[in-house]
Each structure stands twice: as structure tokens, then as C-alpha cells.
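Please go over the structures that come below.
The two complexes that follow have chain A in common; it is paired with chain B in the first and with chain C in the second.
Entry: the complex of A and B
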């Protein structure tokens, strides 16, 4: 059977294989788990191959039929595999193969080859990731990256949602919460597949770290982005017949930013930093030499990080820690690098106080904070948000971090912050927000619905359910239940009247002064 | 049938089943240990178990008597108080246990009142004095006449505000006692001297109590009038036929308790009857956890073709799996009060989504973000206090406060058995704390658990100002009116049972 059938379809199957190779390379995921998966496919392919060899002695037509069936089955499996890996390019390849599936032996061999290629590529990707780990290490130096995550191997960092992320799309019409329909077009990218070639590897790595919450938190993301951009700028060379100020931001930085945006919507601080960076680039003299201009930009970035985030952070910590008095009970929610710094500073200063950390599903960011504080020797209580009234009964001060401060004085922060602020306000406990001015924005917000970020609903599944364990909770079936929707928003907006004070590097402000300070700080940025 | 929080079915069902063939003392100790070990929890399960046990206590008869009878109501009251005290101190934070004990005591006292009245009447009729007027009750005697016309049946048929409600609250002292047709004439026929005498005779009667108030729980017999003869008619028959006073007490009390049991089983469907008065089409409703009362309420509205959206806060970490389960598979029907599940629904209820409701599961922290778009908050508490405050699953206070901030009405669905006559002096003491490993397990993060103090409160105390409306099985009422409903159901002398209860500093 092999010669009779193999000769004719050889050409088309080759194209299929050649197509599957790049396809595979792009889909080859970044961690070891994926590699083992592909090797599993390869071995199953081999098995099938053997079966086909042994039984092809039957009638030609029958063999043809069986081969077709096998091929179809394999296609199905691969499709599922790809959907699982979050790939979107499964469609074209499958349809291509669907046309010419008479070959039984050749295609499987080819495919095997393709899979081996894929395996190799996956390894290469894994190496790329280790290099990105170095980049990560450099982020860590700023101190804003959550420390606990840094030690874990990358393979473990993926969110459980990853596997379901794309499969959801087919049913999204039903699973989108109507009120938040406008927010569902925010992309969440978990692979580097389909990324523009112009995107620098450091930015690629950063994008994935952001979508997997490895780097999480407004300032941490901002610093990490600037550092990645610094790497990208260092690798930049101005094409001929154009100048750096004209070319760089629109043709080189834009794809990087667009890639980051497809990983997770960018934060206000990132937007501010990007605006500042573009402004810097435009103001470079076109006659400046490439190397000199790049060095200037990199120095500028370093200075921005230092001034607007690092020094600003320690200034805020220094002034906010003066608000902590002996015997205080400080209530905080989730994790803010600034709050952590403030508390540690007050502790170092010898103030005797205790901390209640409130936390919530699904990110449990507060655990990291509680752990860090406990390690420093603070007395820490840890509760979930449902216990907020109990915590508020004891608390004397509420310290909150910020995602952004809106121009109308409202605070945009991790969802749940508003509940804490409200409970504290109701009990007349002062609510203090620690926020660098880089997080100020001229946008305004009245509610948490118009502007928000929707995280994949799968993140709300309990860990066991997300892993697909049979008894992993009833929510595992939520997608099959029509009319049941899961809502996983990231932020909420706290009304200005709940906030008593905003601590910035410019000092203590009422929330109503946010637009003024924002104006001053941006004017200063533009001037320099 | 249904109620608040899902009970752990094995323990409650097995307990109810074992009640039949276990000696009484053992049943009492078993329930005490089940309550202590929290193997029976949730208001409804506790109410059911307590009622069944107290029924068994009544059935068993006086410990001193060899005939399984009760020589006097006071002996019965002493016994019930004694068992009740044990149960309450076994789990002081389950307010409902105390409620049920008081309701049972109320039933007994009512029987005692009737008993003594009929006894009085018999003596007096022997003296053949039957003057209807008297200097004291002269003008009032008109009212009792009307009262007997507007007997409790009129109230039950849903005619509110009849004279008896006014009369009973104003003039309850002279005519205290159930306004039944059989007894009322006796009371009225009493001569002047005796009517004054009877005022002095029954000083212990609580003036605020009146079974004929429109807010009193109608006997569940109205649900199935054919099944059960009214206790009063029975009592007259037994009174007339036999002089077996002690048997009479037992039978009457058991009748009253059967009504209480019936009330527990129909309470959710009675609450759900008013669903259409509260849910309009297109409404956005926020609820918390997996209460069966709320599920039933929503299902009833959905069954009447109202389309609405429900946001469900999942109540992590103590009740989230039940919430998830309820949303995906539909609510578990509650354990039936009748051991064999007489006519109870088998299998699960229909899920809300199957009824055409859009259900959105949200984490607890998103309630503030959603509140501006929510039209109504539906809650089902563990217990409701006389002043309109309530005790409910942790997270409720945040929801109520957010609702208040956004001027969203909070509708609380609570059966009358959850209403407690105890005034909450010690709000802190009512809050129960649970297993901290539900927050962070030692197995998952031992070092973290070591260094950090983890707290897991199970309940929240919400003040009356956080609640817009109470919907009980008797209809809706404002939180400020609740004390009156409480007054209708408990006797003043039973409020203090002489045990330390959560929230009360006796």
C-alpha cells in the first residue's frame, strides 16, 4: 500500500509538514510541561505508525479508510492539544490537511519529524526563558517585584486559566457578563505566538510575566517595562534615511507597547511612563549620534525610575511611617509595595504596632505581604475580605496602595479596596492611600464598571477545579451550565469621600488635590 | 421545606432517624454533642433538631410518671426549660435553639392557660351565674362579643386589622387566652366578681402576647385543614368526654408542636409566595451565599416568567463550595422534618439558570463595584434580633453597608423561627469564629501559618439600619416593627431562660 499511495500525496503532505513546523515553533510553549506534552504526541504518533505498518496488508481500500480515520482522530487530538496550549493557528493547518489525507505512512513520518522539530524549538524557547529570568533578576533589584514569585521556576508561574483561555472564546457570547461586555475585548496573551518580529525578547518575556501575574502591581510593572525598554533601546539601530527621534517611537517602541498591551492592559503608571519616554525621544536632537542618543535615553530611563518610583517610594514610606503611632493597628488590603515599605520602615524605627492584612481570591497577593511582614518580625493577622468588619473593629488606621488616582480624587485599586475603605470610613478610621505621583492620571471615573480590567473567569475556579480534577468542585462544569457567568474584575473605584489622605512624594494631600499635583508633575516631566 | 444554609445532611438526617428508637436521655446527649461538634449547624437544621427532640421529650412523659404522661403543665415547663438550657449552653451561638425552646414553652403555657380557663369556667358554670355585664367589663364586653365573631379563623383567612388585634393588645389582660369560640363565651359569661378575680388569677400572662394578632403565625393547619382537626376542638372534646387532664395536656402540647414543625417545613414556600411582590422583570439582584430561602424565593419569581439577573457573591472561604454547587446543580432540598420525607421533593431543586435567570458568580470583594447597578439585595440571615438587627454569614456587613451607601434596598428573608426575643447587648459575642485552615491550610503553607495569625470569622452582625425590609413567612415588615412580631410569638416569662446566650448578658 505504501508505494501505491505514498507517491502521489507526498507533495501535499510535505507542505503540510512544512507548515506545521513554523506553526509548531510558534505554538511551542515556554515551559517544560509543554515539551513533555509534545513528546507524548510524538510517541503516540509512533505507535500509530506501527499499527499502520502491521495491518496495511489488508485490502488497499480498507487501509485507505482506516488511515483516513486515524488521521482524522489525530487531527482532532492535535486540535484539542493546540486549543489547550492556547494556539489559534490550528484552523488553517487542519483544513489544509483535511483536503489530502490519503497518505497513511508518509504523513505520520513527516509529522513525527515536525514534532521533533517542535520539541527542539520548545527547548530553545525554554532557554530563552532562562535568559529572561536574568532580565527578571534585574527587575528584582528595584525591589518592587514581588519577592515570593521570583524564586519559583517559570514553569509553575502560569495561571491555571491558561489552558482554558482560548477555548472560552467559542462560548464567550453566553459567558460574558452583560454589564461588562465592553471590557471583554481586552486580550490576554499567554504565549508569544504571533508576536511581531520587532518585539525585543526582553519585552516578550516581560509580557508573559505580566499576563501570568509574575510581575504584578502597578509600579512593579512600570519599572519592569522601562527596564525592558532600556534593553530594547540598546538593541536598536536607526535605519538609514531616517532619524532616531522620528523612527524610534512610532516604528520601534510601538510594536513593543502593542505587544505588552496584548498581554495585559497596561496600567496608568505604564501609560504615564510611555508618554514620558516618547516625549524624551522626540526631544532628542536628530543630529545626535545613535549610540549617544541611546545612552542618553537609557540614562533618562534610569533617572525616571529612580526619581519617580524608587526615591518617591522611599520618600512616601518615610512620611507615611510617621503616621503610625505606637499601639496602632494598621489595616491593609492585598499587597502594595509602598505599604510594605512603609510598615517595615515604621517597624525599623521601633514603633510598636500590629498589622492586619486582608486578602482575597483569586490572587492572594496579601499572603506575600503578610509573609514579608512576619519575617521582619511584625505581629501580623491575616484574614480574608469577608472578615473586613471584624478587622475594622480593631483597626486604628487603614493604609492602602493604589493602582491609580483618578483626577476626581477617586482611587482605583485592587477590587475589594473600596469595601475596606467604606467599612473604615463608616467607623471613622482614617484611610490613608500611599501613591506615587506617577500613578496619577487625568482620567476620571465614577464607577468601577466603565473602566476596569476583566481577568479570565477561569482564574476564579478553585485550584483543584482548574486542574480538571474530577472532584474539583462543582464549578468545573460552569461552562456547560447555560446562563451561569463568572465575573472576575481586577479593580474597583473607591469614592473620594472615603479617603482621608493621599501620601505622595510631594507630601500629604487630600484626594481633591490629585489633579493639581498631576498637572505639576507632568509639567515638570515635559520641561526636563 | 427549605431554609438558610445547607445542613450537613448525614448528621441531621441520621439524628432525626435515630430519634425514634433511641432512649430519650441518649437522644438529648447526642444532640448536645452534635451541636457542640457543629455537626448540626445552620439555623434550620438546629431548629428542626431541637423541635423534634422537644417533641420526643413531651412524648416521653414526666420522668416521675410511669404512664408517659404529664401531671401538670408546670412540670412540663420545668422539664422543657431544663432540656432547653442544656441545648442552648451546648451551642449558645445558634440563636435559633433558644427561639425554638421559647416557642415550645409558649405552646405549653398556652395550653396551661386554656386548661385553667376551662377549669375555671366549669366551676363557674356550676354556680349558674351568667351575667354578661359588669361594672368593670361593662363597656368592654361588647368587644369580646365581636371578638368571638372575628375568631382566629378570620385572621387566618387573611383579613388584617380586625378588631381583635386592637382589642387584644389594648384589653388583653381581662381576655387573655386564645380567642377561640369555645372558650370565649365562658370567659364572658363569668360574673363580675370572677372577671376581676380572673384578672388577678392570671398575672403571669404576658399582655403583649396574643395569638390572634394578624402577625402571629397562623397554625400550619391552614395548609392542610382536612388533615388535622384544630387543637381547640379536640381539647373540648377530650375535656367533655374524659376527665383525663394529664393526657389532655400532652395531646394539646403535641398538637401545638406539630404546628411548629409544620411551620418549619413550609416557611420557605410561605416566604417565597411574596416573591412577585418584590422582584420585577429586568431587575438586578445581589445575594450572598447559597441560602435555600433565597433560592426558593428567586425560583418562585423566575417560575412566574420574570426575567432578571442575579449576582451571587460566593462567600469564600466558608460557604463557597456550597454556593458553587447550588449555582451549577441547583439547591439541595432540605432535610424533611418528617423522617420519611412525606411528600418532600426528591432530588435537587431546579437550578436558577435552568429557570431562565442569568446568574453571575462574583467574588465577595466585587460587591462594591457592582452595587451601583444592583436594584435589590436579598439576604437570608442566621438569626434576627428583636431590634431588627441580624446575624448572617461573614461578608454580609460589607454588602449591607455598600447597599446603604448606594441607596440599594436590602431585603432580608427570614422565617419567624429565626426571630429571637433576645436583645443583642453583646454584638461581639454573637460572632462565631471558624476554622482558620480554610483561609490558609497548614498543609499548603506551614511556615506562613506559623508566623501569621489567621482569623476566620463565620458571621457578621448587621445593625437594623442596614436593613430595608424584612420578609417573613407572615409577610413583609419594617425592621422597626419586628419587636411586635417577636412579641406575638414569645411569652415574656420565657425570654430569660437563665442561661448565658450569645449576645445577651443575663
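Entry: the complex of A and C
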């Protein structure tokens, strides 16, 4: 009884998800998808709730509620059949769904809020974990059953206006990990198809290189972006009846930035650089000659790269390398350009030390670091993250790179870093973070859920499985396997108490000084 | 505030080379009037296909390069042909350089001052005979992604200085109905040796071409390969140096170069370099062949002037410097003992503004930043390296001490030769079709292949149509007589075609303004524009040039007479001489019957002609290309094979 009841209300969820897409304009489609997503979250939460309650106790109130839900679902289905396709159905449905769901879950427009609500429910979820899996399965089953009878015309209508990508997306909705649902905003772009005509080819190329990880790493992406922008600026000419400072940022640079954002979410350092560049543009005298202004901007960009990244990097490497003593065993994770530079410099200074590079799937960035160090003649050990406790036994210092330093002193870095830092902290091994001040942000991070980046789950598959080979490993059919979700997040957050020191171009700092340094460095930027 | 009114951004340029079409000489014997690029493929001028490829790639700056004598015909077609005028975007520009002959090589063409002047940035070279279902932007995408220079090059040059190139190879086998196995004419192929490029950090997304992109290390047409084999008694000599550098070389002989090249701007200078002007004749054979080899033959690179081209003689202060980028920096530190990225970055800071070089790739976490040769510049081996780089062999006499090793290894200037990449399409029928249409059988088979594609007008919304599909299978303006049948699944009928009664058309392409009489049977035929087919004609596997006339039964002159005065002449001719009187009497049996023939434009095939496998063309239509000799022979042979009832096929 219970599973079927739990399953039934799921049917309108399916329709909501399926109906949202076939709207003509892409923007509307995205909006629709988002509403439907909230509704999906809402209903699945309610569903779990219902199942959990149904198993623990079947009170009269619950039965009443269930009956109500069933009725509402039936009404909904009829309505959907009448209304046919179109994102219009998704809106009312979403609200109604929220209305009928138990008081614990309110209809939330704000995804983050919905997120929190879900977190609040985590206990109930944990309780009902097994049953929720059942619900998932039945969810799927009823979905197909309903498609067989009632949903037929809808399914047909949905198909024509949807291209392949959209269809895939609607399948992926099931494959999204609930806790990180807010991060699946847009699939990563791999093509130049549909890119705005205003996007400069250098930016196009950069976008593709970013989404394929050819250029990866916070500083590399920041530098590459600035160089591409420099080319774009060189190709720019101010239209008549406007001036460069008023036109360039909003009409010329923003399509470039938007394109890059669709390829991969921009990093903190890129965001800082963009903010700086826009500030530079605004402060150009509108009477300045185009060529002169452009030259000024390009020179400014060069200077920014030099000051904030190249020289800063050398300075950090120089000071951090003094922390490496003869006989040390340095433990590092993945690859940071700064850590590499530091190690190379220490080696060059004649210090005799050993390096253990920890690494993990799917990017295996540590391999590149290990290879570079080996080529330079260092003694290197390479291990996977699963061997981290073993590595921590020998290590005397942990050197880490950064994606960003948060204002509450936390470090945002490649996923896995926190584990290494924690292990080191437990063994009282000093943890040193190398980070240019351009990666500092005034945002705070309490966890790695609210702000993060989700990479395509397919990257976790073996290459043969990703290529669609039939027996390409056990995960090859993960999309068809009900209840199986893959999560491929990019970053995690290391608590400030695990970090003993942050090396910046301003010197050695405790993590608590991040906001101060950030303020100083941005003020300096604005003033120049 | 006025909204974005951007000038077109400097993206790629496309050069479409409109060649003479030597292998299609039945139809292009007069290149000034009907150049190869205007021959119809599935009722659209050949040129439409590369143009649409460019548009799909988002390229709007297109130059058509054509010999001056055919310029007028091309411009007229561009202005009037419905398929060409309906193309979006700015019109392609026609460039007819003075010195360009119909017989000029493709590399010579690129050396012409007019063409050199036009190329101002990275460019794509396409042939006019490319029919490609493959979305060119996918290849472009791979080129952009794998081209490291596009972001890391120095600031002042407006084009990527050190980028690599990208070519496209398609399999000539493995496709039903189009591949060469079934044809009497063997498709041209190229010999290709490639090495794999480094794997991407993560598996590429579905639909990406990345897995089939390889680096070319040797390439030559199969003819050249055969010559080489003959010279060496059946063996192909391969340089040791290639195997030293690349341990995993794959050779292919059943692929063909699609002649689609994505080139960075410097290739223009490379082709025009004084060292090469003698050597480079053809783009595919000479330029690509040399470039592919230069990657592993440093001596060849300098001989070809690549170090000068790539080293850049741009800045005056750089004039002496022979190397670029990171390598330049390494060489510049004459006395400096050891060089590391840290030192290197300092150095470039000292060097100041003009050599502003941040190597993004070194910063990237998915790349190895320390170049391989740093190791032996620095000291003896700590770690065994399994892959021997050529640099190692060059610096063999190197000793352990840095001071001694340095001068020895220094004189070799390290110009990094950008890789020549290639997308090599695997021979799977499910993949998009790429073909070059430069022989008559290819023309026919591709036309018929395109005729089988579902038409876009019969659209169910949402179904993704082939980009090359036509709007109508049978154009609404076509008139089809009673009891006639056109099999719409595999045939095309263009505008203003009239088809008589009781005619059967299967697997055929009928060009615009054709007049087809009654009782005609067409199977696997390609008719270009304005062909007149008389009553009762049976044709199988024929390609008919434009405005040709195939006379049918004289007994039903009504429709033929209606055509023009000339039709009457033809009938009269048949009646008068050439011993056709007999046939005319028993006209029911003696119908015109052509099988596997090619009929030249404007040619009149007389009633009652029966021939198989011939090329029917007039002797007086000799074009500027002296191909007639071979053709004569062929024609006569064909006649000899024929039943020999005294028919003549010259006008």
C-alpha cells in the first residue's frame, strides 16, 4: 500500500519536469526548468516524508493528507492533459504542489532557501534513506506507467520541440544529487555553437580550453582570461554616439564574460580581475582617443598580470621556499603552480628534501606536478589520496595551493584538500597555503555545498565507459541504473583551524588576516 | 544608448579554391564558361557546399579564388543562382589574381601577392568540391582547443604566432554506395602517418572529435608513395629520427585528405618564404608534407625557413634572435647556469615590456610546466626517461658539469615547430559524410546520396534534418504528366521541370528547367540544368551535362518539336543521313538507350543512339586544357565496344 501511495503523487512531478522544457525561447525554458526543479525538490521531499510517515505510523491525519494529495494529483493530471505542453503548466503546478505538501516544506522560490529546508529535513531523510530509495524506484516505475497510459499525448508533444540536449537534461534531473541541486544550473558548454557573435575568437578558444581543462587552475585561467580580453580589447572600436567607458563593459565585455561563464563557472581570481578591469574602464576619461584608451587598458592588464600574479608568484615562492628545511618531506595535493614554483626554488637553493604528491581522480593534476618535479631533479613520491594517511606519517610540512581564500579564513581548493589538511592537523604537521592575494574574496564559506562547482558526472567514468562502449566498466550504465547518482564536485572548503599559515605576496599571514589583506589589495587596485 | 553595433569580429577567414576540375573534364572542358565550382551537385552548385560549411562554422569572411578567365561566370552565378543568393551573411568575395592559371598549384596560388594581401589572420582553406555533412565547427573547436598559442602568445601580434594547424582526413572506404569499391574508378587516397597526441585530462564529452585527432608526421599522395615504393624496391624508407621521437606511429593508406586546412596566420609567410618558393607547388603534398616532417627533423625546419617564420622578424630588436618564447629565454641566458621557471619569470620581467610572455600552459594544473629538455640542460640524470627526445641525442657529448654541457647544447636553436594535427574520421557509416567530388562517378554518387535525404519541407517540427538536405524533393513548380512516376524517396526534381506522361524516374536527380518527354525511363541518372530528354529514352547511370539534348523516338515529335527549333533539326538530321533511316522506320524498337554514359554540356545525342560506358562529347568543344587526347581514345574505344551500327557521336 505505502509504496503505491508514495508513488502516485510522483506522477505530476514527472509531468511538471517534462512540461517545463518545450517552451520556445531558451530563457523561458531555463526559467521553467528551474521552477520545475524546485517543484521536483518539493514533491520528492514530501514524498519521502510521506513514505517515512507511512512506515512509522499511519495516523488519521496522514491518511487524510494522502487522500488529498492523491486527489490533487489526479486533478493535476487531468489539467495537464487539457492544457497540453507549455511552461505555463509548471508554475501553478509548482505552487500547488508546495501547497499540498505538508507544512514542513513551504514553496520556495529561492533555491538556496529550499536547500536549507532540505538540510533541515536531513534527519528525516536519513531515517527514510532505504525507503526513499524504494520511492525513487517506484518513482521511476510510475513514471513509465503513467507515460504508458495517461501521458502519451504529452510525451509525444514534448519530443518534437526538444533537441537532443534538452532531452538529456530532463533525464539528468533524476541523476542530480539532491544536496547539490542548486549547482546544476547549466550544463557545461563544449561547443562554440550558439555563442554570441560578439564573442572574440580568442575568448571562444579560451572558453573551449577551459571546459576541456586544457587550461585549468585558478591563476592560469585568470591570466588566460586577461590575455584573451586584451586581444578582444584590441579588436574593439567604440560605436558612434557613445564613449568607450560607457559602452565597453556593458556591451562588449559582458558577452565575453557570459560566454566564459557558460564554459565553466568563473573562479574567484577571475571575478576579482573582471571587477578590476571594469573599474579601469569606468575610470577612463570619455574624451580619450580610442586607440590611446585601448593601449592604456592593455598596459594596465599587463601590469595587473605582472603585479598580482607573476611577481606575486615569485615573491610567494621565494618566501615559502625558506620554510623548507633540509631533510623535510613535503606533502602536497594535486597541482598548484605556486607550490611547484616554491619546490623548484627550494631545490635550486640546494635544499635537500623529498616531496610526496597526493592525487586523485578524475583530473590527476598531481601527475603533472610529479612529472615536472622529477624532470627538475627532485625526489618525488606519487600516491593517490586514498594513501593520504600513509603519506602523512612521513610528512613534515604540508604545502597547499588555493582556488580561493574566504574571508572567514577558510581555504577553497581542489576537492580532497580538506582531507589532507585535516590529516596533517591531526598529526600536528604544519599546513602552509600558498595563495596570491588576487584569490582572496570577501565572501565567506561555511561549507562546500552552497558555493561549489559541479563538473559533468561522466568525467568520473572510465574513458571506455564515457565513450559509450558497452562493457566499459560497472558505471557505464549509470544513467539507466535507478537510484544511482554520481557526484563530481570540484572544490571543498578547509576550515581555518587546519591552516597554520598563508603565504601571500604580503608575507606570512594567519588565515584570519584574509579580510584585511583583501581590503588592502582591492583598495590599492581601485586607487591606481 | 545605442546598442551593440559591432563590426564583424576578426575571426577566421576562409579561402575557397576554385580549381579547374581536371577529372570532371566532360563537364568542365570550357572552364571559362562553366567552371568546376558551378557544376551542380544535387541541383545546387558545387560551391554551395563549402560555402555552407563556412557558414556553419560561423565564418563570414570568405574569399573565392578563381582564375581570371572564369571570374565572370562565377560572379554571375553568385548574383543569380537561387541556391547561392539564398545563403546568409555577407557575400563571398571573388578574387581572381592575375597570375593564376587554371593549372597553378595550390601553394603557388597562396604565394600570389593578391592572395597574400588578403590573408590577414588565421585562415581556413577549403576546396570548392567539398561536400561535408560534418559540422565544421566541431573541427574548428578541436583546433581552437588544442591550439595552445591562441592564449599564450605575446601581446602585440594581432594573430596567433605559433599555433598549429589542423587538417581533415576522411575514409574512402566503408560506405555503401559511395565508397570506391563499387566503382570502376578508384578513389584517390593519401598516405598518412600519425602519432597520437596526449590524452585529455578527462574523457571528452559525447560527440567530440577529440578521440580521433592525431598529429601528422608524414603525409603524401598515394601516387608519390607508389613512386617511392618503386624506387626502393617495394619498401618505404623511414627515417630513424622519426622513430626516435615517436614510438607509436600509425600509418593509413585508405584515407583521403579533404583539403580542409585550419592554418594559423604564419603559414602564409611559411609558404611565401624564399626558401620554399621553388619547392612548394601543392598545398597538400608539399606544404603539409614538409610541415609534418619538420616537427621531427630539426634540420629540415631550418632549411624550410621555419625558424625565421616562427621566430618572428617582427620587432627590430628581435632580429637576431632565432627562437621564440620560453626557448628564447633559455638561450638568452648565455652564462646562466641553471634555468628554472622561477628564474625564467624573473628574467622576462627584467626584459621588460616588449617581451611580455606569460606562459599560461605552465600555470595550468593539467599541464606539465617544466619542459623536457630542462633536465639535461641542468645536470645528469636523476630519473630514467623512457622517451628519448631528439634533444637528448643532439646533446650527446654532454658532460655532467653544467658549464661544459651548456655551450654544447646551446648552438641548436630550439624552434618549437607547432604540431600539424588532423581529424581522421573513422570509417563508420554512421558518421557524417565527407567527400571531395572531383570525378564524375563521385559527382553522381554524391548527388544520388543527397537525393535520398529527407526533404526539409516535409518537416515534422523538431526532427533534426541533415544540413545538406534540400527543401523539396519535387519542386512545386515542376509539372509531372499523367501516369508518370517519380520515386520521391530517392529522387530530386528541381524548379520548372516538365515531365511527360508515363515516365518513370527512379534514383535520379533532375536539374532545373529540364524537359523530359513521355515514356522515359531514368534510373540512377544525374541531369544538370536544361537537359532535354526526348520520348521513350531509357537511361541508366548517366550523367548529362547542362543543356544537352537526348533525342528520343522520332515517332512522337510533338513534345520535342515544342522544345525549340533545334529539336527539329536533330530529328531532320536523323531522318536524312547517318544511316538512321532504318531505325526510324522501326521506331518502336530502336529507342535511345544510354547506360553509364557521360554526356557533355550542349551535346546532342541523336535518336536511336545506344551506348554503354561512353563519354559523349563534341570534338570542337576543346577547352583550354589539353585532355582531349585521352578522351578521344576513350571515346573511340567505347564505340569499338559498341554494336557498331555506324553511329557517330561527334557533332
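Here are some notes:
What we mean here is this: the second predicted complex is superposed on the first by the 358 of 528 C-alpha atoms of A that agree within 3 Å, B and C clash if a C-alpha of one lies under 4 Å from a C-alpha of the other, contacts with A are read in each partner's own complex, and residues count from 1 in each chain.
FYI, contacts are C-beta pairs under 8 Å (C-beta built on N, C-alpha and C of every residue); 3 or more make two chains touch, one makes a residue touch a chain.
Here the structure is a predicted model, which means the values were calculated and not measured.
The superposition on chain A brings chain B alongside chain C with room for both.
In the superposed pair of complexes, A:200 makes contact with chain C only, with no contact to chain B. In the superposed model, A:383 makes contact with chain B only, not with chain C. Looking at the shared chain after the overlay, A:362 reaches both chain B and chain C. By the touch criterion stated above, A:518 is placed in contact with neither chain B nor chain C. One of chain B and chain C touches more residues of chain A, and that partner is C.
Applying the stated contact rule after C-alpha superposition, one finds that A:371 touches each of chain B and chain C.
Contacts of A:479 after superposition: neither chain B nor chain C is touched. Of the two partner chains placed by superposition, only chain C is touched by A:317; chain B is not.
Of the two partner chains placed around the shared chain by superposition, neither chain B nor chain C is touched by A:264. In the composite built from the two structures, the nearest CA pair linking chain B and chain C is 5 Å apart. Residue overlap on chain A between its contacts with chain B in one complex and with chain C in the other: 362, 371, 374-375, 379, 462.
Chain B meets chain A in the complex at residues 309, 311, 315-318, 320-321, 324-325, 327-329, 351-354, 356-370, 372-373, 393-395, 397-398, 401-402, 405, 428, 431, 439-440, 445, 447-448, 451-457, 460. In the complex of the two chains, the chain A residues touching chain C come out as 159-164, 190-193, 197-202, 204-206, 208-209, 212-217, 219-220, 223-224, 227-228, 230-231, 234-235, 237, 239-242, 246-247, 251-252, 255, 298, 302, 305-306, 309-311, 313-314, 317-318, 334-337, 340-341, 344-345, 348, 362-365, 368, 371-379, 414, 455-456, 458-459, 461-463, 466-468.
Interface residues of chain A facing chain B in the complex, by the touch rule stated above, are 177-179, 357, 360-362, 367, 370-371, 374-375, 379-391, 393, 415-416, 418-419, 422-423, 426, 447-449, 452, 460, 462, 473-475, 477-478, 481-489, 491-493. By the touch rule above, chain C contacts chain A in their complex via residues 1-12, 58, 122, 135, 137-138, 140-141, 144-148, 150-152, 155, 158, 199-206, 208, 210-211, 338, 340-343, 345-346, 349, 353, 356, 358, 360-372, 374-375, 378-379, 382-383, 460-464.
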